[in-house]
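Scrolling down, you'll hit the structures one after another.
Each of the next two complexes has subunit A plus one other chain: subunit B in the first, subunit C in the second.
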Partner chain A sequence: MAPGDPFAAAAPLVEVTDLRKYFPVRGGLFRRVVGQVKAVDGVTLALRAGQTLGLVGESGCGKSTLGRTILRLQEPTSGSIRFDGVDLTHLTRRQLLPWRRQMQAVFQDPYGSLSPRRTVAQTVREPLDVHRVGTAAERSARVAELLDVVGLSPLAANRYPHEFSGGQRQRVGIARALALNPQFIVADEPVSALDVSVQSQVLNLIARLQRELGIAFLFISHDLAVIQHVSDQIGVMYLGKVVELAPAALLFRKPLHPYTEALLSAVPQVDHQGRKQIVLSGDVGSPRNPPAGCPFHTRCPKVMDICRSTPPVLKSPAGDPSRTVACHLEGTGP
Partner chain B sequence: MTKDLSQPVLKVRDLTVEFATEDGVIRAVDSVSFDVQPNETLGLVGESGCGKTVTGLAMLRLIPMPPGRIASGSIELDGRDLVPLPDRDLEDLRGRALSMIFQEPMTALNPVFTIGNQMTDVLCRHRDLTRRQARPVAAELLAKVGIPEPANRLDDYPHQLSGGMRQRVMIAMALSCNPRLLIADEPTTALDVTTQAQVLEQFRALQAEFRMAVILVTHDLGVVAETCQRALVMYCGSIVESGATAELFSRPRHPYTAGLLASIPRLRSERLPELPVIPGRVPDLLNLPAGCRFADRCPRVQERCRAERPVLTGRDSGVACHYPL
Partner chain C sequence: MNAVTLALPAETRARGESLWRKAARKFGRDRLGMLALGVVLAYFIVALGAWLGWWAGGWADLSGTKWEPVSSTHWFGTNIIGQDIFDRAVFSTATAFEVGLSVALAATLIGAVLGAFAGFFVGSWIDEFLLWCMGVLDAIPFYLFVAAVAYALTDNPWAMQVAMIATFWVGTGRLIRGEVIKLRGMEYVEAAHSIGVSEPAIIFRHILPNTGHILLVQASITFVSAIKAEVILSFLGLGIKDGMSWGLMIDESTKEVLAGFYNNFLAASVLMFGLVMAFNAVADALQDALDPRKVG
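And now, the complex of A and B:
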């Protein structure tokens, strides 16, 4: 497929169907299972090659667990994950290995995700060693090339993570993720720990990699402004469910779900004149004991009777097949 | 204490704070001067390491000493300099005239005591109430910061509350003695955006009610724009620009302020191909350039900038730049 042309491949690269990840809650004397945290509760998504899907939501909404479950860093409770048409859900670790080369991750904490005892070159080279790619000389050449791609000086190779700033460490993490030429990268809050002036440098790097290498990204963030800068599509999560999924520009111009609307209006803006803020009441419900009906009904300013009893279904509203939303107001009941 | 509305509540002059490290002395705050007016919210913005938090801590003399020390300058609260004050007098002021809210409410609250216990402690210490008298006052304060069923919450431990609720408890405690000046260090940074919006709204209402001056320390320019009347932008320990927030953000004069504003991703329906960036990185505080500290990253840099350090042109509204925008 030609990089830069997101429509070259018709079939989705990553296809997630009704994915669930429940964590048992244990209690009592015998540590019996007394309940379940429904971190991811029936998520269906598709991502085409070279596309970026942004996933936004507040802490505890299940966005990180979803990312980890798609990579099978966590075993799904039910549902399926297909990559390039192949069902990965039940593959053994060994069977999964060739697919791991295609799927990489960049994590939030550039301090915690790099080994302090390895030089930058060793860290970036590790995936090449694990997957036995090329000769020793070829691996070294590839490391040099990768450092160049992410904008680090060749001198960085023999230095240790503590010698670098947060932004530079995140570049090392990105270089490591790129080492095996993956088709898909899950980036979980990759710029959240960085200062604004550095954050924009790293965001530009990610945007460039998308364009030049045609990598598909699942970009997870709590920051809507960051998400919209890199995403083609945006999914909004609330209590383990995707409540709205739309092309980025459309989501910002015309959010349909009241939660999306509140989320957009809550972001403090430098140029905030003439903006009316929707301040929600109450706290997010518990994923251990989510509210009946629509998960958002306890805080929704537009709540109706039906919302308290019947969960809405994520589907396209009448007359707009480009997006989906789960809200009774949009007539997306079961 | 007199409440003269024509005089600044706080006058900081030439404040310099230094820390001794293994590699040498670091000047975290370098000759900073500013005023805080009654009922005003002053924003202190900048990126990590710029000295904004240390400046905030210095107002309560909470700098860990050693390794830190206030090397010079004065901090006048209602005309009284806090720098030479004996610890005992200072303890009287802290919690009463001066209050502080921190970023992480979980670490600022004591996990082994109930909310009520911690709140009544403050009230007993500073307002001469008995425990029995203090309890309803504490419940009333919790109600003011928007906590439902306040009387029941008094018996909760901090871990039983959500992050937003804990931060509200911190605000209630900070307000309990009707302080003249409140220092809020990243009070909403650990909160989700919708919770942040709730807390900030509450905060604005309370400030009007309690008529106190606030110094809001934050890295979030959006929060400053929506909460502060005036702001100081800090870089490498110094104020590089000050002014009314609306003015400062619509017509920044220092290239650093302008760069910072340009580089934040905004909510727009169109996607930019590239975000503007500030090239390079913050210089090492142990090895600062001789002239302007922003010179190496500045798009407008000229010879003079590398030789001569610019000074802030005005305390209330000014810029420290030889070639401002």
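And now, the complex of A and C:
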């Protein structure tokens, strides 16, 4: 899958450095800020052109917020987002406009991501109108082409979202994201709302687009089986932090972080031999008040004393520069 | 490059069916709603004829003597000074539509736009300011406010309408604000942000059209409120100045009812009752037809 070492390659397309997104919690009579939800807490990622980074983690671990913050749909609290070498972190809405052509999003809920009062053609055409791409006739031709690319009949153009199934709506959402020929797409749980049979169709479509158009994807999902299907690299998130990042094949063959191990053991398999399911006890810690030390220590089956006090750092383990992990077991303490 | 082309529902139809069209089809199946709509349209034709001068032109003429009973020349009889009550009642229908339509349109438009801005920028100073305005307008007793506006706009025939518009938009505004707070979090709004659509365009192209069903119902409710308020205000002497309205007829009839002559009072109140009832039924049917949970 991933050819060699991602860190040795040329300048990455998307580079996220120590990104944080905290949501203030207000309370009391005067609605003072009484705490913060650390949805994204110091994430560093890099994504090369044409590559797919899968992001996996439980509900509420901050993976969607991370995707939205990278697209500047949420304002980051601190850290930086660079796209093609340009720092987008502090650009205004207007300054960001040319970059919006390069970065698009596919959303989770196919029923919520299309305006119910606009036809498919209006929805798919809107990015072209906003960025004034070509003449009116060229835009119409492009809409027809896009519908064909995502496998929808030309008759779909003048129909409304409520006339389609979930999978078809998701194809419309993908067509809209493709309209401007972006280099980078954040796909936030694009198939988790779909039936399993439809999931594979949409996943195959995404994999084909990736192959034929060379688009870089940040593919967010809570489902490792889905992530495995499309990703070159996989990042595992827990409580706002990336705890392990590795080439997909390697991560599945040899997970290093106990949390990754537990996630992998939960993937249903036809062949049961050799893998025992690790059932985690306890709940995910609160992002408002994360556990001291390693965020995972409250549930970790291999917890050690140091885990309770010192947070591990995301580093390459000894002898393997292709991956990073944040775990004291791998000696990645500070 | 296209491997699978998915089957579409009802492949034979060339155009899709919008939610509006769907709602209209549903409304068409609502018998009571259609009946009420027919009644409202009949009233409207009566009003239209009065505007165009086809009938009821002689509402101010002294065409008879005092308190004539119902006859073929005076269908509803005559009032205390001998004017034809039927003509006056018909002419008042036009007044009712004038007041109802102008107030409903303006109040709904203002409520929609200001409510949408407040909701879209919820928590910001824009929202705080608009909420403050709504709170202030809500806090002033309506009749006191109308009297103040009427006094401020001395002799302006639109004083009553201005006062109604200035207060009636608040309800619609609050409702739209709440709906927009819900809609702004929808993924299609987020998608518009990620495409780079400007904020005003998001409000007017993506958010407000999706409040259309609420606006239509609110406009019809405001229409009824305006007609009812006009009757009360004209009765109190704060309403229609030049012209004739059901409220003025009821005002006139106070002297007549004491003397046992009910024609003026009955004509005005029965006609108003009919229009208000029919319009309320239309509003109800609209609400059912437009409810997204029921559009199916």
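What we mean here is this: the second predicted complex is superposed on the first by the 318 of 334 C-alpha atoms of A that agree within 3 Å, B and C clash if a C-alpha of one lies under 4 Å from a C-alpha of the other, contacts with A are read in each partner's own complex, and residues count from 1 in each chain.
Keep this in mind: contacts are C-beta pairs under 8 Å (C-beta built on N, C-alpha and C of every residue); 3 or more make two chains touch, one makes a residue touch a chain.
In this text the structure is predicted, and so the values were computed from the model without any measurement.
**Student:** When the two structures are superposed on subunit A, do subunit B and subunit C clash or fit side by side?
**Tutor:** Result for subunit B and subunit C: fit.
**Student:** Touch test for A:116: subunit B only (first), subunit C only (second), both, or neither?
**Tutor:** A:116 sits against subunit C, while subunit B stays out of touch.
**Student:** Output check: A:79 vs subunit B and subunit C. Expected answer is one of first, second, both, neither. What do you get?
**Tutor:** A:79: touches no partner chain.
**Student:** In the overlaid three-chain picture, which partner chain does A:317 touch, first (subunit B) or second (subunit C), both, or neither?
**Tutor:** neither
**Student:** Once chain A of both complexes is superposed, is A:291 in touch with subunit B (first), subunit C (second), both, or neither?
**Tutor:** After superposition on chain A, A:291 lies in contact with neither partner.
**Student:** Can A:162 be said to touch subunit B (first), subunit C (second), both, or neither?
**Tutor:** Second partner only, subunit C.
**Student:** Considering only the touch criterion stated at the top, classify A:97 as touching first (subunit B), second (subunit C), both, or neither.
**Tutor:** The answer is second: A:97 touches subunit C but not subunit B.
**Student:** Using the touch definition from the top, say if A:201 reaches subunit B (first), subunit C (second), both or neither.
**Tutor:** both
**Student:** Quick check: superposed on A, how many Å separate the nearest Cα atoms of subunit B and subunit C?
**Tutor:** Subunit B and subunit C, overlaid via chain A, are at closest 6 Å apart by C-alpha.
**Student:** Starting from the residues of subunit A touching subunit B, keep only those that also touch subunit C in the other complex, and list them.
**Tutor:** 167, 201
**Student:** Which stretch or stretches of subunit B touch subunit A in the complex?
**Tutor:** 47-48, 162, 164-165, 192-198, 200-201, 219-223, 225-226, 249-250, 259-261, 263-278, 281
**Student:** With touch defined as at the start, can you tell me which subunit A residues reach subunit C in the complex?
**Tutor:** On the subunit A side, the touching residues are 68, 71, 73, 93, 96-97, 100-101, 103-105, 107-109, 112-120, 126-127, 130-131, 148-149, 151-153, 155-156, 158-160, 162-164, 167-168, 171, 173, 176, 180, 201, 212.
**Student:** Write out the stretch or stretches of subunit C touching subunit A in their complex.
**Tutor:** For this pair, the touching residues of subunit C are 1-9, 11, 14-20, 186-188, 190-199, 201, 206, 209-210, 212, 292, 295.
**Student:** Applying the document's contact rule, which stretches of subunit A touch subunit B when the two form their complex?
**Tutor:** Subunit A residues touching subunit B: 58-59, 165, 167, 195-201, 203-204, 207, 222-226, 228-229, 248-249, 252-253, 262-272, 277, 279-281, 283-284, 299.
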